[in-house]
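Going in written order, the chains are labelled A, B and C, and every chain counts its residues from 1.
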C-alpha cells in the first residue's frame, strides 16, 4: 500500500506547485482564486489517499466531505469580495490593488 | 493502478490548463473537468461518498459560483496575463516534477507508521457518531459563509 | 455544559436575522451582548468550580444517544476562554455605537458571534482536525468582517488577508495529514502517544515546519506577518480590536502552543527556532512601527511585535517562561483592544487616521486620551500596569534559563516600544489643539464605556498581578509544561 500512497503524494505535490505558481504569477483576481481551488484539490487528494493508505476510507471520506463544505463557504465569501472589488475598481487586475502600502 | 495514474495525469493536465487558459470561462470549465476527474479518482479508491461530494459540490456548485462571478465581472478589456509566465511554465513544471519524484521516492520510503487497524462500522456511523463534532463545525462554517455573503451584498448606505 | 460556548453563540447567530427584522438595532445589540456576558460569567464562576476537580471531558448527549463530541477543559483552555469572552464582550459593547452607520447590525453581530463560536470551539477541541475546522470558521467570519464597510481599502485588505490565510490553512492540513498517516489518529493524546512509539524525528520536523508556517501566519509571526499591517488598520475599529486582541492569539499562538506542547513535544531545537523567530518579530516590527504615520498601522506593527514577546516566553518552554508568555497574551489582548477602540473613537471624531494631522485631542476627548494612555503604557511595559509585569516575568525566565542575549533584546525592544507609543500619544493627544478639531466631541457612550472597562481591567491586572498570576496564569502554564 505504501508505494501507491507515494504516487498520490507525487501528484498532490504537483497540484500544490500548480496552485502556488498561479498565485505567484497570475494577475486576474479570479485566476488567483482558481489557483487556491487547485491547492484545495491537492489537499483533498492528500487527505483521502492518506486515509486510504491506512485502510480507514470512511474516516478519510468524512474529513474530505467536511473539507469540501468549508471550501464552499470560503469560495462564496471570496467571490463576494472579488465581485465587490470589481464594482469599486472596475477592474480585476491585482496590480490595481495598491492602496495599502508600507 | 495504471488507470489511476492516467486519471491523475489528466487531473494535473486539466489543472494546468485552468491556469494557462486565457479565457476565464475556459479556466472555469477546466477546473470543473479537474474536479470531475478527481471525483472519479476518489470513486476508484473506494470512496464513493467523497467522489459524489466532489463532483456535485466542487464540479457543480463551485463551478456555478465561478460562472456567476465571471458573468458579473465582465467588461470590455480583460486583464492581460504576462506572456513570459506562460512560456516559463513548462520549464518550471518539468523541473519541479523531477524534484518531486526524486524527493518522494527517497524521503517517503522512510516515513515510519504505526500499523493500520481495519475500520469498523459504516460511513454513516463514522461521520455521524465518531466525527459528530465536525458536523457542528460544518454548520458553523455554513452560517459564517451565509452571513458573509449577506453582509457583502447588502444595500450600502455610505459610512464616513 | 461546556458545549454552550460553541452552541449558544451559533444558535443566537442563526436567529439574529429574524431578530433583526423585528428590531433593527436594539435587539441584535442586546442579544449579542447578553450571550457574551453570560458566557463570561459562566467562565469566571461555574467553570472554575468544575475545574477544581481536574480537567473535564464532556460527552454531549443528543436525544438520549451519546454523541461523540469530546471537548475538554483544562487550565489552559479555561484561561483562553476567559480572555475570549472578556474581549468579545467589550467589542460587542463598543460596536453598539461604532457600527451605527455601517448598516445591517443583525448581520454584523451574527458574524461576530460565529467568530466567537469558532474561537471557543478551537480552544475546546481535542482533535487536530477539529482545530482546523474551527480555525476556518473564525477565519471565514473574519474575512467578511474585515471587508464589512465595503470601501475599496477594506475590500483590498480582506482579499490579501484571505489569499494568504487560505494557503496557511492548506499547510496546516498537509501537516495534519502527515501526522495522521504516521499515527492513524487525530486526537491530541492518541497522536502524541503514537509519535512517542515511532522514531520519526525528520518527518515530525517537516510536520512542525508546516505547522509553524500555517499557524505562524495566523499569529503574524515574522516572516509570515505581511498580511496584518494591511488587514488590521482597514477593518472597522471593533474588528481590528478582536483580530489583534484575540484572533491572532487564538488561531495562531494557542494552536502552536497546544500542538507543540501536547502533540509534537517541545524539543530544544524547536524552542530555539521559536524564540529566535519571536526575537526577529519583536525587533523588526518595533522598528517598522516607529516610522508609521497611520495610527492604526502603528498599532498593527505593535501587535506583531508583542506577539513576538508572547511566543518568546512560550518558546522558552520553562514553566515561568510559559506563564510569562500567557500573561503577556492576556495583557496584550486587553490593552491592544483598548488601543484600537480609542483609535476608532479618534477616527470617527476626526475622520482621519493620520497622526500628523491630529494634535491636542486630549482637550476635547479626555476619556479617549486617558484610556489610550493606560493602554499604551501597559504595552510599553511601564509599572505598575499589567504589561510591565508580564514582560518582567518573561525576561526573568530568559535570564534564569541562561538566554542572556534574548533577554537583552527583549529589554532593548521595550525601550523602542515605549518610544513609538510616546510618539503616538504626543502626536494624537497632546500638544496644541489644531484648528479643525476645535469642535470634536468625545466618543459616544458605549464606545467610551467599553474603553473605560478595558482600561480599568488593565490597571486592575497591574495592581493585583500577583493574585491573577497565581490563580489563573500559573495553572494554565502548568498544564502545558507538565508533560504528557
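In this section, a contact is a pair of C-beta atoms (placed from the backbone, for glycine too) under 8 Å apart; a residue touches a chain by one contact, two chains touch by 3 or more.
Remember, predicted model here, so these are calculated numbers, not experimental data.
Novice: Which chain has its C-alpha centre farthest away from the C-alpha centre of subunit A?
Specialist: C
Novice: Name whichever of A-C and A-B has more C-beta pairs touching across its two chains.
Specialist: A-B
Novice: Where the CA atoms of subunit B average out and where those of subunit C average out, how many Å apart are those spots?
Specialist: Result: the chain centres lie 31 Å from each other.
Novice: Measuring centre to centre with CA averages, how many angstrom lie between subunit A and subunit B?
Specialist: From the centre of subunit A to the centre of subunit B is 6 Å.
Novice: Please report how many Å separate the Cα centroid of subunit A from that of subunit C, as a whole number.
Specialist: 27
Novice: Which positions in subunit C touch two or more other chains at once?
Specialist: 129, 133, 136, 140, 143-144, 147, 150, 178, 181, 184
Novice: Provide the list of subunit B residues touching at least two other chains, using ranges where the numbers run on.
Specialist: Expected reply: 113, 116-117, 130-131, 134, 137-138, 141, 144-145, 148, 152.
Novice: Going by the contact rule already set, what residues in subunit A reach two or more other chains?
Specialist: 5, 53-54, 56, 63, 66, 70, 73-74, 77, 80-82, 84 - these are the residues of subunit A that touch more than one other chain.
Novice: Subunit B touches which residues of subunit A in the complex?
Specialist: Counting only subunit A, the residues touching subunit B are 2, 4-11, 13-15, 17-19, 21-22, 25-28, 30-31, 34-35, 37-38, 41, 44-45, 48-49, 52-66, 68-77, 79-84, 86, 90-93.
Novice: Under the touch definition given earlier, write down the residues of subunit C that touch subunit B in their complex.
Specialist: 6-7, 10, 13-14, 17, 62, 67-71, 101-104, 107-108, 110-111, 114-115, 117-118, 121, 125, 127, 129-130, 133-134, 136-137, 140-141, 143-145, 147-150, 178, 181-184, 194, 197-200, 202-203, 348, 351
Novice: For a test of understanding, state which residues of subunit B touch subunit A in their complex under the given definition.
Specialist: Residues in contact with subunit A: 1, 4-5, 8-9, 11-12, 15-16, 18-19, 24, 27-28, 31, 34-35, 38, 41-42, 45-47, 49-50, 53-54, 57-58, 61-62, 65-66, 68-70, 72-73, 75, 78-82, 85, 89, 92-93, 96-97, 100-101, 104-105, 108-109, 113, 116-119, 121-123, 125-127, 130-131, 134, 137-138, 141-142, 144-145, 148-149, 152-153.
Novice: Can you list the subunit A residues touching subunit C in their complex?
Specialist: 5, 16, 20, 23, 29, 32, 36, 39-40, 42-43, 46-47, 50-51, 53-54, 56, 63, 66-67, 70, 73-74, 77-78, 80-82, 84-85, 88-89, 97, 99-100, 102
Novice: Within their complex, state which residues of subunit C touch subunit A.
Specialist: 129, 133, 136, 140, 143-144, 147, 150-153, 155-160, 162-163, 166-167, 170, 173-174, 177-178, 180-181, 184, 229-230, 234, 291-292, 294, 297
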